[in-house]
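One structure, as structure tokens, below. Some questions next.
For clarity, chains are labelled A, B, C, D and E in written order, and residue numbers in each chain start from 1.
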Amino acid sequence: MIPLTYMMSLSAIIFAIGVAGVIIRRNILVMFMSIELMLNAVNLAFIAIGSRLGSMDGQVIVFFVMTVAAAEAAVGLGIIISIFRNRETVHADDLTLMRW
Amino acid sequence: MTIELIAGAIKAILMIVAGLSLSLFLLYFERKGSALIQDRIGSNRATLTGLGKRMGMPNLGIINTTIADPVKMFTKEDFIPAGADKFLHTLAPFLSLFPVMITFVVIPFGDTILISGHRIGLEAANLNAGALYLLATIGLGVYGAALAGWSSNNRWALLGGIRATAQMISYELAMGLAIVSVIMTFGTLNLQEIVRGQGGVWFGFLPRWAIFTQPLAFVLLLVAGAAETKRIPFDLPESESELIQGFFIEYSGGKQAVFMLTDFAEQALVAMLLTTFFLGGWQIPWLMRDGFHLPGGAFLALPALAVSLMGVVAFLVKVVALCMFLGMVRWTLPRFRYDQLMRLGWKGLVPLGLFNVLVTAFVVVATGRVQ
Amino acid sequence: MSPFNLAAINFVWLPILPMVVLTVAAMVVLLVGVRIDDSESEGLGLLTLASLAVAFVFTLGILGQYGVAFAGAISIDSFSAFFELVILIAAMFTVMMSLDYAAENRIPGAEYYSLLLFSVLGMMLMAAAGDLIVIFLGLETMSITVYVLAGIMRRNAKSNEAAIKYFLLGAFSTGFLLYGIALVYGATGTIKLGPIHDALASGAMGSNPLLLGGIGMMVIGFGFKVAAVPFHMWAPDVYEGAPTPVTAFMAVGVKLAAFAAFMRVFMVDFAPVGAQWQTVLWVIAALTMTGGNLIAVVQTNIKRMLAYSAIAHAGYLLLGMAAGVQSGPAILYYLLGYAFTNLGAFSVVIALERRGEVGNQISDFRGLAARQPLLAGAMAIFLLSLAGVPPMAGFVGKFYIFSEALHQGYVGLVIIAVLNSVVSAYYYFYVLVAMYMQEGGVEVQRLSARPALVAAIGLAALATILIGVYPQPYIASAANAFHSASGAEGIHSAALEP
Amino acid sequence: MPPFLYIFLGALAVVSALGVIIQRNPIHSLLALIATLMTVAILFIGEDAVVVGFLQIIVYAGAIMVLFLFVIWLLNLQVETGPTGHLALKLFGSLAAALLVTELFFILAPPHLQVKFTHEPVGYGSLASLAGTLFTDYLVAFEVTSVLLLAAVVGSVALARRLPGTDDPRAARKIAS
Amino acid sequence: MNGGMLTALIFLPLIGALFILMQSEERAIWNSAFIFSLLPLALSFYVLAEFNPQVADYQFAEQYDWIPAFGITYHVGIDGISLFLVLLTTILITLSILYSGGGDIEERPREFCFFMLVLETGLLGALLSVDLFLFYIFWEVMLIPMYFLIGIWGHGRKIYAAVKFVLFTMVGSLLMLVAILYLVYSAHVHFNRTSFDLPLLYQVPLTVTEGRWLFAAFALAFAIKVPMWPVHTWLADAHTNAPTAGSVILAGVMLKMGTYGFLRFAIPLFPTVAVEAIPLFMALAIIGIIYGALVAMMQPDLKRLIAYSSVSHLGFVMLGIFALNPEGIDGAIYQMLNHGVSTGGLFLLVGMLYMRRHTREISEFGGLWKRVPVYAAIFMVVMLSSIGLPGLNGFIGEFLIMLGAFLRIRLAAVFAVVGVILGALYMLWTYERVMFGPITRAVNETIGDLSGREIAVMAPVIALMLFMGLFPRPLISRIEPSVTAMLARVNVAQARLELERQPNRLAALLPARHTPNREPEMAAAAR
């Protein structure tokens, strides 16, 4: 079995890439994708830890996380569409109706 | 260990090749069969006998369709329209074909055979989560069509792609529900075990095929499968009269061939799934390991190898028959309208599938077959 | 036979009965609402109100009971009951505010009220959770519905913008929370709160970096939800853009639920390693108070001002958390007073608001006291309570938290908080100035035709004063609630007999 | 899982994850994301989470990502022209990520990584064990997910259904202007 | 018999306030407000009559559990220090309402009366609380009505003044809250009992550092309220822009809350630190006296002038308090009352002038005495009282204070005398500019003399001045026992400080950290 450190490091890298993506990118959709990356990194961590602990908890959590991701995607994309209908933009920098 | 690996590799290649060649035969059937049903001649060089009627030219017959067609297409110019996403345009056909090809490998096409002391199962990969694998790979089939449509920089193509994606996603749900009820019936995700579970008889004569316990699921899978293949009456993504081939309108040459191949391979795949899940796979009615146990009590002994090989043949026969059936449906029915398609999927098949799962669950619990 | 012990699940219906009621009610609202026009959704609102009241009654039954249910997924204690009751009250107030607002602004009634109920369900789950995954799912149920509620005025560009900002940062923070859960899971080997506590209490975990990393990540996750600086940037935009009843619901309900979970995880279960996270919370609390209050000073939009004030209040609450377990009851009491006060304040904002965003500016409050003395008086009560002026609830809450924090020796933090209170007085009093000492502003319409809204304002004002003037029973119940979670007879006791 | 496979998949995952945030074209980002998802799914399977791994492909790659695809199409997103984001933001993002990685590496370094290693029981990761855990220990959570999904459906319908009596606002705006 | 007396005194105005909220007719509002201010006035006279001059401790005390969770009780009581301040409050409120009803306040009378009566509750509550929490609540409660009084019915930059007033006061009071909490915590540590009760908190032993910090917090809060130099800047704005009634209450009673706070809380709670701080506070007081007088002299605005004169006068009060001997403190309390009466009277008079001319610029007036002789006469009496003319009340207080200061630090008394002279100077100069000389403005020809109502307002003020100037004994005798009791604690502290400076004297008697149960012997040693 691959040492846990390796798996967790991989998960950490992907998580960090996701975080960076959310911060760097200004396209809302891509930001959302980066969030999905983060969730995947988390899932990887859960799976890796769970299999080392020999408990199914980790996998069950991943199951739940995927469900939540699906729900989030439905709602999030709905919001994105709704905002695009009004504003014709998905650029975070254009959403400046409210400042300070 | 090694021999299993080698056998596995061989079986995988075999299965993929079989699937692809089946697709080629389907191409032939497409040409001639549709003509037959629609009372026309069809492509006149494509005959089984291969004897040219005119000028004494050698007619290559079936080879003309199955070999010459692909060869011709692969030698045509590969055209990529201006403004297209070159990378994705090239990738799309393979994204389309690949999931289908890797799906073939989990389909059990026979029982086990004994080769030099090694018992080798006649399926390329005996996965414990085979059914999930199926669903996963089928789910990935969407991307080929979707990206082909998007990358072509053509609005007909994009429309086709969108239609294809929506349709496939919608019908996958029904397909999944049908498969789930079968899984519940047999209590396993392993396809080989599902097939094995369909061995034997009820009441002394009725084969224990799942089509008898899950008729609704069979219909669901049949319809959903037909929709997955994007063929008439579900061919809205590529409907010639509206979208002039839909998502692969901008494809030519080899890539176009790949798409067409995918179509037929999918058809074959659906037939295989139906066979595996509902028609007993490689099971032959009343045939046991040792031979036929006919309903009347008659017994016909057969060697194990023969039984296994007969299973393979039976599997092929069932698949081909189902392919023909699917083809006949195609050549018979008119096309849906898109809203009808969606309504059928979401308001017809999905509720039915849920209902079926529910009933199955009750029955399974009531008969005490819960782990 | 099955390797899974069904008997150990411990089916106890009592703790989830209110949630079941809410779920059923939400579905009924959805089904009934199909045929109801958006401008006539009051009936749906009343139905929602009734179901919340029923849930409230059922929740009362949890008080005084202790144990765990559903294999540790649900904690039964007064802590959860306390939070659930306050959340339900907040939801009822929200519905009372929404009755006319929703109809007037053509908010789709069926969706709105059912989402509200789902959201309450999520909040109650967060309050009653017995493991981290239920907290997570409750949080998501709450958040996802609130994302939608924030953006439910679809033709309103601000509402859209609020929804997308809330959504993106909410989902972002969820990632951190989950990663934190993963690391804690790795460190302790479980995600059930009781066993986590036991594992940490054994003392072997003190400086396990995995645990510390997990705690840090969870602080970030919860920090986003409670809008703590520097994770607050979504709050002002979202509060400003969302429909006002939803803003009230977010400012109160979401905060309550987030603190319920935050407190249960940190002040109960991570209490054995308190030294590790209290310092972090110290810094965050100081930043949150200062940041929230300073930026609130320059606001011209009342909702935005209240948003920053809500951030500042989160800072005071975090101060309580940073001060450790002793101040638990104080935080509960503070939240109780905060809930009524804020709900009342937002109700007044709604009373002023008309379609097209009139009435959202602080300048719109000008001269209110001359035109609507009672309304202005109620707003004055809420503002004074928020500013922490005796004898309102806000004062006693602050007093309680500060005193507990001082008793733990957090003199510096308390002094920061106190100076912040002065800053906050400035902007709260600015609204008083507008109401009482200036002319102009917008006319309040149809107040008499909105009995539910008036009732909400009146009840909130009454509660704000009552809780402040005679705090003893509320303090006692807050203390009882907190100790039921953290005390000896808390979540770690044997399962409740069904 | 043999180490070389881990290295290969890990590298693939990282590269494709980077692809998500580097690609200018949203569709390419999406494809990179799908690639990451698939790689991660295979890693799951390698970690004896077979069912979850396949679910990842079915649910994530097969359904959620298609939703993204649809939205990209619907919004007709093309390659972003002009700079994406601000330089300061980019710097900040990279810095934050780098810090995060450093910190996590510290946390995850072998001397610190104290996890009670337990051997996996028989049937670990199978559908039966997953379902068994799901319907006993996590029964409430499971039921909550149903509510969650229902709420999400209601929510997205509330947000995205066409309002009665309104047409495309863009058309309305064109008429108005 | 006397149970509930003080509670009634505190809450009668509040009941009146709520009652007024239900009124709508303007006459009825003023009448009921006046009646509801008379009731506590009557009650306070009853309390005065029943007050036992021999007892130093709290009288009429009531104590009920309020928030047992915090050990907070509803504990009120009255002693010599607060007795006359209570009377001053009730009298001035009554007079203010009487005055304001006469046309000074025309818009929103209902709110005005409401806030006045709530203010009275706050003031009386703060004076009568023996529980620190209760005190703090009333301390804050009186802030809000005053804020509204300034902000709504004020003149000029009223909003700026109101907000400045609130913020200044809040800074101090919130820091005091922290100090209170800390003190209670120390009490909890020592007596294992959480309580906000003042007598108990007097006993809390503190380390020197703790004591210094806590004293600083209390002192800051009270110093802002007093206001002492240099935290006096809010005063001028608040006074100038407040309505007349607001100025009267502000100057007459509210500023006394600061000095009262020193006497009741800051000094007896931390006697050691107070003794240490004598030079500092005396210096600040003197700076305040002279600074206030000098600035007052330069003011073109009558109200501003009086405001700065308050700074000066309260400097005297602080000087007396920090003399920390019976003479000084008696004088300080007496001077608090004097200042309340005379400055209140001055503000009323300026208000009457303002009502007639809508200006307070000194340069706008001149030669008024010919037109308004009654007014001029009353003005003269009040002004002389403020200056401290023998025979009027101001003299007694100033004399006692200077005596006390002289006994403590001689130099201070010298400076204080300078302050007195300056005070006489600017007051008389002002009077001359306003009343004498030719009438320079034509409008001044037509202004009318005082109305009957106005005379009714001013008559009690004059009467009080004369009474207090001629018969100080009845007042001082009631004040003194409580002051002496309070000073006993100070003397103990002082003795200990001296012992610490000369450790070989009676060293055996001294524990390293002072504990309360040794107090009797210490006190004996001090004597």
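We adopt the following convention: a residue touches a chain if its C-beta (ideal position, glycine included) is under 8 Å from a C-beta of that chain, and two chains touch if they have at least 3 such contacts.
Bear in mind that the values here come from a model prediction, so they are computed numbers and not experimental data.
Asks: Along touching chains only, what is the step distance from chain A to chain E?
Replies: The fewest touching-chain steps linking chain A to chain E number 2.
Asks: Which chain has its C-alpha centroid at the greatest distance from the C-alpha centroid of chain D?
Replies: E
Asks: Which chain's mean C-alpha position is nearest the mean C-alpha position of the whole protein set?
Replies: The chain sitting closest to the overall C-alpha centre is C.
Asks: Please flag the chain sitting at the greatest distance from chain A, going by CA centroids.
Replies: Most distant chain from chain A: E.
Asks: Go ahead and name the chain pair joined by the largest number of contacting C-beta pairs.
Replies: Looking at every pair of chains, the most contacts join A-D.
Asks: Where the centres are mean C-alpha positions, what is the separation of chain A from chain C, in Å?
Replies: About 25 Å, centre to centre.
Asks: Quick check: how many Å separate the C-alpha centres of chain B and chain E?
Replies: About 96 Å, centre to centre.
Asks: Based only on mean CA positions, could you tell me how far chain C sits from chain D in angstrom?
Replies: 29
Asks: Between chain A and chain B, tell me the centre distance in angstrom, where each centre is the average of that chain's C-alpha atoms.
Replies: About 35 Å separates the centre of chain A from that of chain B.
Asks: By residue number and range, which residues of chain B touch two or more other chains?
Replies: Residues 371 of chain B each touch two or more of the other chains.
Asks: Pull out every residue in chain D that's touching 2 or more other chains.
Replies: Chain D, residues with two or more chain partners: 51, 55, 63, 70, 104, 108, 113, 115-116, 132-133, 137-138, 141, 145, 148, 151-152, 155-159, 169.
Asks: Identify all positions of chain C at which a residue touches two or more other chains, and write them in rising order.
Replies: Within chain C, residues 2, 133, 137, 140, 144, 147-148, 151, 154-155, 163, 183, 186, 189 contact more than one other chain.
Asks: Any two chains that touch count here, so list every such pair.
Replies: Those chain pairs satisfying the definition are A-C, A-D, B-D, C-D, C-E.
Asks: Using the touch rule from the top, collect the residues of chain D that touch chain A in their complex.
Replies: 1, 3, 6, 10, 13-14, 17-18, 20-21, 26, 29-30, 33, 36-37, 40, 43-44, 46-49, 51-52, 55-56, 59-60, 63-64, 67-68, 70-72, 74-75, 77, 80, 84-85, 89-90, 92-94, 96-98, 100-101, 104-105, 108-110, 113, 115-121, 124-125, 129-130, 132-134, 137-138, 141, 145, 148-149, 151-153, 155-160, 168-170
Asks: Please output the residues of chain D touching chain B within their complex, sorted ascending.
Replies: These residues of chain D touch chain B: 25, 27-28, 31, 34, 50-51, 54-55, 57-58, 61-63, 66, 69-70, 73, 126-128.
Asks: List the residues on chain D that touch chain C in their complex, please.
Replies: 103-104, 106-108, 112-116, 132-133, 135-141, 144-145, 147-148, 150-152, 154-159, 163, 166, 169
Asks: Which positions of chain B touch chain D when the two form their complex?
Replies: My answer: residues 85, 88, 128-129, 132-133, 135-136, 139-140, 142-143, 146-147, 150, 158, 161-162, 165-166, 169, 172, 176, 189, 371.
Asks: Contact residues on chain C for chain D in the complex?
Replies: Touching chain D from chain C are residues 2-6, 8-9, 16, 23, 26-27, 30, 70-74, 108, 111-112, 114-115, 118-119, 121-122, 125, 131, 133-134, 137-138, 140-141, 144-145, 147-148, 151-152, 154-155, 163, 183, 186-187, 189, 208-210, 212-213.
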